[in-house]
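Next up: some structures, all given as structure tokens.
You will see two complexes here that share subunit A, one where it goes with subunit B and one where it goes with subunit C.
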Partner chain A sequence: MGNVDFATGAPLRSGTVPVRPYIDADYYEAERKRVFGRCWLNLAREEELPAPGDYLVKDLEVLETQVLLVRGDDQQIRAFHNVCLHRGNRLARDRCGNARGFMCNFHGWVYDTKGQLRELPDEDQFPHLDPEKIALKSLACHIWNGFVFVNADPEPQTSLAQFLGEMNGAFDGFPFADMQLTAFYHAEVNANWKLVGDALQEAYHAPILHRQTVADAVAGPDNPHCHLASMRLHGDHHGLSVHGNLHHQPTPIEQIAFDYSASPIYPAPAAPSDSQAPGVNPRRESAWIFDINVLFPNFHLDPSGTWYGTYHLWPLAVDRTRWEFRIYMNPPKNAGDMVAQEYTKVFGRFVQREDLSTVEATHEMLRSGALTELHLSAQEMPLLHSLEVLESYMQGRP
Partner chain B sequence: MIQRLPSAYVDLEPLAAEWSLPTEPQRAQRHQMARYAELELLYSTLLPRMPALLDDLNQKTFDTYDDADRRLLWLALSFVEAAVAVERFQCSDMPPGAFEAERFHIGEKVGV
Partner chain C sequence: MSIVNLPEGFEDLQRFVGKWSLATEQERMQMRVHSSMDEISEFYNTLSPRIEEMLAHLEQFPAQLEALPEADQQLATLGLSFMECSRIFEMWGAQDVHCANFPPERLGFAPTGSPA
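Now for the complex of A and B:
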């Protein structure tokens, strides 16, 4: 690629970043409120809640709450803090299910799927309350391309569309709803959430860290340092296109997977098409595998032509992160297609375990205090951008 | 004797007894428990059979599978586990230093 941001034409930047945001407990405490308390956060896909009454409970440790997502009879998905207004007991106790409403297990207050209080046992003893005015504490909840986002700010500073900015239309036409959850992997990682995310938003590491797995598929003689096919900054967010080695020599199982898959699978080069969503491989590079889109602060949306993956980096503490990775693919057409998809999953598991292999040791070494800054190449500009956006929130930008 | 794999594959029954497992977490766990020689045996036995095996299974749609077809498919899916270990790492799991398999969780609610 040229050494420019494909979105703006500006030159790519290298530089240094401070270590403190990765290891400092005070910084983390401020991050929780100023970043996670204000930004739109993806919690689910709407297909997880297909019918009225379907609900999910999601832990949001970074905000010390639990979110209840529920689809109402009017088909709208709403988000509530999972807490009864009476004495603060946890309301929904199962992680998911279908319900006409939610009864608190303590004294029997019942709420409907829109959050409105419907039953108040011994109501006469609450003369100061008007039950019709009692509703669960909600979080702003909006859907974009089927992704359910919430905002914990009681008065969100931006709409979801404003927050996404130029990313908003980038995936128009991408067949998210046709694909199904094919794999879900998760781990608790003893490292700062940004270190985990940083390991997943550059390709400079591929020829070394992934030398036994995906290196040859993404690097190769034409691109030995695995330069990105393109990079673009979109406000708080950014997108990268990962180069694919068109001369990659598949291993025997890979050849079987490539031969029998109904559509290109990871790590095969994906043929771009004109009908593809405009923000997916926007330069229509033929030597391309997939894109990495970092939707600030902690959600990665990584589409190829015929599959996509997501990462969520959920902070648990300054030095602990819940890492979640999901793969979505078309329903397998036959046994060959299923075996090919299994190859993507199994191979992907090992690539992920390589990606996660450095971050804990990195966190330990940064905590030593030996370094005060880190050096980023122009190919690692996404990390620089993420930290600049983070710092703008930390400075309390409106 | 009950035929537990389609007739063209009955010779694979000893492997199927060990590896025909219906879910990804079960297959991954079996992989983690395996000695490398077991993975090599599964890999070397199945690799030359895979094209014909998949061509045969591809004659059917999933909703017409019988139990024997399913067991053959599950064996093929375990072959993938073995193939990555043999082709990429030449050891039963990964080289030291990788993020530990025991801490890497595979979701239960998806898969075949």
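Now for the complex of A and C:
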């Protein structure tokens, strides 16, 4: 299983990666502009803004800005820097809501949901301004499978479709919009954003780090080192299918939780089907639990058959990251199903804390300078790929 | 919410309501990590033979806690606390995973539901 890149047929590569990108403050400063300032970044699901006037304010610390996402009367979702054009005051002050427009609370400039200036108090005193030509500073904003992406580059080098490349159609048919946000956990982690992301894009660690939780569901005697069921590189991004142990013996309560859930829940093995989205478990491996898709640079989209999870790794500093984890599941059919689904949330929390339990100590030890490089197995090739893509942006590739 | 009697047939679980019928996931997590192993073990051992009956009973209600009659709501939150405690206890006889480096208090909980 999993000895080749399923996308190209090329053998998986092992190798070394440098430590510097994880700990160096200058590297981080350059990353902010060359990577986060140029790549498409996922900020929301479109269901979070169902009606015209619905808005969300999102912190984008890595670019030292705040983004205002708002659905216009024309149903389009737009993204703006949350700043009044007059004297630079923060415009929307609530984190979310519904508004016909936004009034700056400094001097009362009012913008509509398309970002156009609508009211300019004491307009006569601004003879140099044509209010009709004034609009909030926008960010490029596009939607893919219901995920709202923005690009802070005033002239994005790629469209979202070009950026996603072969990932584009991979999830066609996946019922993202039918699922609901079942759990949302977040934490501030004292480690570089890539160390956090790296811990979430390989399965080699599962038999050891997750020995108390998910190890038996994903490894087991047929696959003791939890080799991936498949792996594929798609341009800047990649996908991994995580092996599921078909001999996994659920504990009594785990079995009951599965039995009373209307649709299979984590950590039950998932059943692949031909009607599934083409890029989800593309080899239709029967011993499968879920996929990990890393959409460069910081968004993980992890679908199974009947649920999906997402991670966002938001850099706050070279050694600080805001980690966000969401679980989306089929809405429970009744209160019994809802209680059974709780099992997945609790289980997920344990696994997440295990994953987060190594990254801070890792960052501290890397900062010591004792190591200059790290060794990756062929099963950890996704980390190698992520760093190669990162380096290509850092070298200023067009 | 004040304590009410659990639905008929679940009277034997009444003594757990005051401690474990908690409305939010964060409260239930806190209760698990701040309870003694004796308390968790008694809770688990008493509820595990009853959890299927509880789930079957709750299947007649919609999946919104607030929409349930008070007695059934308390039964549901008791079930949610049971799910909170059961996994790590039945696998490892423990109340939490070995995660000294990342204690549960460091997790933030954000609102959920539909729409996301």
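Simple rule for what comes next: the second predicted complex is superposed on the first by the 397 of 398 C-alpha atoms of A that agree within 3 Å, B and C clash if a C-alpha of one lies under 4 Å from a C-alpha of the other, contacts with A are read in each partner's own complex, and residues count from 1 in each chain.
Rule of thumb we're sticking to: contacts are C-beta pairs under 8 Å (C-beta built on N, C-alpha and C of every residue); 3 or more make two chains touch, one makes a residue touch a chain.
Predicted model only: the values in this text are computed from it and were never measured.
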Partners on subunit A (subunit B, subunit C) - clash or fit: clash
Partner chain in contact with A:Glu48 - subunit B first, subunit C second, else both or neither: second
Partner chain(s) touched by A:Gly336 [first = subunit B, second = subunit C, both, neither]: both
Partner chain in contact with A:Phe184 - subunit B first, subunit C second, else both or neither: both
Winner by number of subunit A residues touched, once subunit B and subunit C are compared: C
On subunit A, positions contacted by subunit B and by subunit C: 181-188, 212-213, 251-254, 256-257, 260, 334-336, 338-339, 342-343, 345-347, 349-350, 352-354, 356-357
Of all residues in subunit A, those that touch subunit B in their complex: 181-189, 212-213, 251-254, 256-257, 259-260, 334-336, 338-339, 342-343, 345-347, 349-350, 352-357
Subunit B to subunit A touching residues, read off their complex: 24, 28, 47, 50-51, 54-55, 57-58, 60-62, 73, 76-77, 79-81, 83-84, 87-89, 94-95, 97-99, 101, 103-107, 109-112
Residue numbers on subunit A that touch subunit C, as the complex places them: 45, 47-48, 50, 180-188, 212-213, 251-254, 256-257, 260, 326, 328, 331-340, 342-343, 345-347, 349-350, 352-354, 356-358, 360-361
Subunit C - residues contacting subunit A, complex: 25, 29, 48, 51-52, 54-65, 68, 72, 76, 79-80, 82-84, 86-88, 90-92, 94, 97-102, 104, 106-116
